[in-house]
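As written, the chain order gives the labels A, B, C, D and E, with residue 1 at the start of each chain.
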Amino acid sequence: MLNLENVNIFYKELQAIWSVSLNVQKGEIVALIGPNGAGKTTLLRVISGLHRCASGKIDFLGRQIEKEAPEKIVEYGLSQVPEGGKIFTGMSVLENLELGAFVKRARKEKNQNLEWVYEIFPRLAERKSQQAGTLSGGERQMLAIGRALMSKPQLLMLDEPSFGLAPILVERMFETIEKINHEGLTIFLVEQNVQSSLELAHRAYLLENGRIVGEGKGKDLLTFESVRSSYLG
Amino acid sequence: MKARMSIMALVVIISLLLASCTPAPTPTPVATQAPLETQAPTATEVQYPPAPEYIEIGASIPLTGKFGSLGSQVKVGYDYAIADINADGGVYVAEYGTKIPLRLTAYDDESDPTKAVSNLEKVFTENNVVAYLGGAASGMHAATTAIAEKNKVPYLGVSFAWWNIHQRGYKYLFSPFPKSPDQARDVFKALNELVPTKEERPTNIAIFQEKTDWGNELGGLFKADAGPAGYTVAYYAEYAPGTTDFSTLIMEAQAANADMLLGMPNTPDGIAIVKQAAELGWEPKFIMLVRAPDAATWGEATGTAGDSVTMFAGWHSGENFDGIAEINAKHQTDFSRPADILVGPAYACVQILAAGIEKAGTLDRDAIRDAIAATEMMTVMGNVSFNADGTGNVLNPLVQWQDGKMELVWPADQKTADFVYPIP
Amino acid sequence: MQLLTVEKLCKSFGGLKAINNLDFHVNEGEIVGIIGPNGSGKTTSLNLLTGFLKPNSGRINFRGEEIGGLPRHIVCQKGIARTFQLCKPFMDFTAMQNVMVARAYGRKPSANLHIAEKESIDILEQVGLGSKAGILVKDLRVMERKRLELARALATKPYLLLLDELMAGLNLTEADEACKLINQIRESNITIIMVEHIVKAVTCVSDRIIVFNMGEKIAEGQPEEIVHNPKVIEVYLGKSHA
Amino acid sequence: MLQSLGQNLVFGLLVGALYGLVALGLSLIFGVTKFLNVAHGELVMFGGYASFYAFSMLGLDPFLSIPLTIIILFVLGAILYRLVFSRTIKLPEESKIKNTLLVAFGLSVIFQNLALRFFTADERGITTSYFSQAFTLGGVRFPLPKVAILVVTVIFLIILQLILKKTYTGKAIRATTQNWEAASLMGIDIHKVYLLSFAMGAALAGVAGTLVAVNYSIQPSMGLGWTMKALIVMVLGGLGNIPGTIIGGLILGLTESTTSFFISSNYREVAGLVLFLLVLIFRPQGLFGSKEA
Amino acid sequence: MKKNNIIKLILIIVVVALLVVLPLVIKNDSTINLVILVLLYILLASSWNILGGYTGQTNLGHAAFFGVGSLTTRLLWVNGVPFLLSFLAGGVVAVILALIIGAPAFKLRGVYFAIGTLALAQMLNLTVGNILPEMSYNPDLANYQLLPRYYLFLGLTLITILTAAILVKSRIGLGMMAVREGEDAAESLGISALKHKLIALSISAFFAGMAGAAFAYYHVSFYYYMPFGSEWTFDPMMMAYIGGTGTIIGPIIGAVFFVLLKQLLVWNVGEYHLIIFGTLFILIVLFLPGGLVEIWQKFRTFLTKKTKRRKKVLLKATIQNEDGIQRE
């Protein structure tokens, strides 16, 4: 579904990602883990078209997307939940969700999708007319995911959905992700929370210093020494 | 690297020096100063020195900025007069025994007195002008006349009524234009003549004084002359030029039961005053705004609000002096309307200057200055002579906007239309 | 001897308590590592120590003086220097000028720029940038920028040096170099606090490690203890690992 | 006295609405794109001339020509964005503000001189047949052209709010303002949004220009004065805060009119500037801005 | 390096000497007036640059200091205070104004600082216009001489440039530039940003005030409020940007270029000169963010790259040749 081949990324003159190749198959949950500064977010930004890669190929559903504008990539069915959610705090919850369905493809099915998102996150339905800026951290993250789901994506990329959440909320968050996946959505997950994400993911990649240093079935990778050493030494 | 930068700086500075040495693109004639030991012309054979190609005149005129509409009129007057004189070969200068054409070098000063000053300096040194023609508006003249005095160049200017500037002892300044004292005196004189029945006349005057030196002068004179002429100043207010909102002044004038308005606003301020007066329902019987309605677009811009407003224009195309018909014809072709009010006085300036040069018989500035001072001649604005302070003795016609057109309503022997009173 | 003592330090943004009743101390000559996951309050506490933020309550005592809430340039002049997580070099300056600024202003500044220049060269040599003195920061590589950031902090002649995620983004060899550098700095009698995300980054040099989570101190001890501390492992890898 | 004060306050409010409308476009543009378009006053001028010529040549009532003015200025705004301003869009915020300030300053020089060439330096104004009509309420006069200011301003405020709140395009504009990155992750073409907001801001300047031509007069060098007013109002209302901008305008109008009433009309502009500086010092986020914005 | 410095010094001496003898050689008043105008703008642009270019604070209220300087000097001078005293008072009063407004102004950042200073100058402009609406005349018109005024401007300009050059090489100057490059980092290194901004503002204001004082001495007649007009801020600022901010030579080149170009356009294209000028200005801002100085630098790097490449090509060629020879 998503296929990266030898992607190199620079920030100004500094190389952030070194020849990364990875793929995500339909129906999978794939996790990308690694410590701070490893380049995970950068990689997601490039996939979404927010930043250009210097070289390499990115293929999504048979389309070359490495040179496409972000709005086109969303149109093709690839949505991202950015780090920290980045919800529109000055707008109501409902408006945030409506914006999620901005692309033409999703606008027609807006109401249907809205019901679907409310079903997944009943909390959002309760707060739909509330200003998004007044939501709690967990609710914000739900909103961010809900908003991305509104575009009816085929592949959902999540950048640290557990960031800043209390442990119980993290657990629920991962349960939700699993649930969404069961409904047929492919998921590409970027996480620092190694334990939960590896338990959840079918497959995982370990990114360190801009390079893929490990790859494997999610639970296998959990016992992989490099993961442990990558964090704890 | 820095050394090379300095080289560049040097190159730039040298090019600057070169640029400033090279003359302006228009070739400047080598203006020979009039030799002082002029030979007494003998009847038989006279040896004339080679005549300069042109008689150089310089001006700085506000063609843009807030006085742009006044300056453009003045410029047209100058251009017409010079064209007319040059069509005849120019001005006869006895010293050279020939007619020499006039050439005006005029720069736009963007209604900025500082720029006007440097423009006049520029034409003085680069074109070696024998005389200056003024721009427009008192505030501009105030800055430029000092330059004329400093450079000892005769200066003829219209479109300014500021009297006080003539009291600074300037020798080179001449202005064939009605001055504040004339305007203050004549507004009451005209009103008393035009409205013979005392009961019908307005009684309470509101004066809106622009906070400029000329405004201060004229406002004070209005105030001083009102009483003796039988009027009361019910309201007197100052405002800064550029004010967009006059509602407070108008309401206070209204509250003071004023039924007559005197003021000297510039054009945008004047437009705002009459529009807002109408909006607020203030209906004075008589309005005189000395400067604002000068603009040819006044009628169009103010519509009915600006109708019946009067002013002292200094001139009107309907006057019956020689030469006006030709000017009007030309103006009609160029602008599809008879000459604007500042065209005539500007034209007269050039007439006076040409006569002065001819009388002086030389291009010596002091001689020209003395000749101008002794002026006593008919121009397109009537008979002109100068007082010792450089103010002119000229006709001061009262003009009124009627149906989007300017009409001359006073004095009676020149009038083109009847005075409309009270304002309907 | 305690160089720095932090007592009951609190800081909140809006309703969020970023730092909650924090107590810790640093002894003279020590290297203390502060670790914790994202959002645990590491950088906030560093900002509180250096005057970039004003504490809501609590005390920060440095060399017998209360420094909480002092303007940041005063804090620096009192002898606390810091580096930034995202390097903040003066981009249009050369490496040397960067260091010179610090030497001309920090603690015991050299008002004479010629002297400052000489001293700056020494400091650049010390961090291994001697040959890059005249190069614009724009043209330096990441590791070189980090070294420069360090050099700049050292040039203020601090008693206490705070390093904010110095190790992040470095590869193994680079990290080794950094460790060597830090040990070398310790030798010139400078106390160091290293704030890092990854435990590994601080174990090689730290005498003591403090672990933050959710704005509170959850563990403190020798590096070996910390690596095996169940609470720490839980915070990093999840419960089952513990 | 009291009646006179009442009249004063009413005029202050009505004129203030015009200040608000002039600032509205500037504020919209700044809020979305962070362009400091100091050539805004010149756009107001073009709007004024558009309705002036529609009035004098086509005999079109100025209020009926507003749609025409909007179209002209909208297109002009779009061209300006494409040709000039889009080149600064990728700069970081601080240098974007500085660069657009400089660029716009150059533009205002060009516009003024173009206007001079094409429209001459003459003062122009629109005086309709009904301009002096007014109704009186409790002794206070409400002249139609001034009331029209308020009506037009309110109408456009409502239209703008409806666009921003109810349409997808408007929501896209708001989303881009809050976080352009997240907006583009929603599938919003942010360059289109920038273009649109700039053109809309220019169109609003055009509407304001019509009102200026009706109530005051227009000429090529009028721009700077209105830009200055707009800048003050924009900061008073809180950068990019749409309703705040209108309220900021009203406050400026009231400050000016009460100053002329109680002190002297000479100091009405000065009072506005003093108010502005005080607000800047004590509440730099504007009277209605939030600290985050 | 040393050789460069000597060349530089010689160049500076030559330029200064040229400027000193200029009015003695060219006795044309309008040329001297033009050079005075250039000097005035160099003064204003260089003084603006100290705060705007070196310290990174976009000050749109520079005219306030220029105006206050000219107002003070002119008022004192016209009222009989000895010239030298009134002249210096111009600069001093400008500094006092700077110190009064400095602390509150620097609470503002970025766009707020810019608009705030613009409003301040505008406020002074209007107030002075209200209080002193009269034209101010030169008290001694009969004895007006251009030469002393020229040398006054020249001297003042040289002092300003010299001060700026010394300042940026000093510790304070280093601190100022560090504040421009990044306030957070600068403060963390022990620099008080506020103090440095205030120093920069005061120096900038002092020279703007002195420029105003010289203007007051130079101009025969002007309105007191005129030097407060925003064009006295915008023109010098445009010059600094055209030449290159944050450099000593930039504002000088900018001022010379600006005044000359404007004059040339006035002579050659007349009515359209401001339209062309505005277009050129926009092009410079958009495509040459470093100003004219940047062209030079780009040209230099281009040259060095080219020579390097040529050397490489030459080297390659030799190697190939050698190969060739061997093959033969």
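The criterion applied here is as follows: a residue touches a chain if its C-beta (ideal position, glycine included) is under 8 Å from a C-beta of that chain, and two chains touch if they have at least 3 such contacts.
The structure presented is a predicted model; accordingly, all values stated were derived computationally and were not measured.
Common neighbours of chain B and chain C, by the contact definition above: E. Counting only chains that touch, the fewest steps needed to get from chain A to chain E is 2. Touching chain C and chain E together: no chain.
Of all chains, the one whose mean C-alpha position sits at the greatest distance from that of chain C is B. In terms of their C-alpha centroids, the spacing between chain B and chain E amounts to 38 Å.
One simple way to say how far apart two chains are is to compare their mean CA positions; for chain A and chain D this gives 42 Å. With centres defined as mean CA coordinates, chain D is found 49 Å away from chain C. The set of chain B residues touching two or more other chains comprises 211, 240. Multi-chain contact residues of chain E (touching two or more other chains): 126, 130. For chain C, no residue reaches two or more other chains under the stated contact definition.
Taken together, the chains touch in the following pairs: A-C, A-D, B-D, B-E, C-E, D-E.
Residues 1-10, 12-17, 19-21, 24-25, 107, 112-114, 117-118, 121-122, 124-126, 139, 142-143, 146-147, 149-150, 168, 211-213, 215-216, 240-241 of chain B are the ones that touch chain E when the two sit in their complex.
Per the touch definition, chain D reaches chain E in the complex via residues 36, 84, 87-88, 93-94, 97-99, 101-103, 105-110, 112-114, 117, 224, 228, 231-232, 235, 239, 266-267, 269-270, 273-274, 276-277, 280-281, 284. Per the touch definition, chain B reaches chain D in the complex via residues 63-66, 68-69, 71-72, 211, 237-240, 242-249, 251-252, 255, 267-268, 271-272, 275, 278-281, 295-298, 300-306. Across the complex, chain B is touched by residues 4, 7-8, 11, 15, 56, 113, 116, 120-129, 131-132, 134, 141, 143, 145-146, 215-217, 219-222, 225, 256-257, 260-261, 264-266, 268-269 of chain D.
Looking at the complex, you find that chain A touches chain D at residues 48-50, 69-71, 74-75, 79-80, 82, 86-91, 95, 98-100, 102-103, 107, 147-148, 151.
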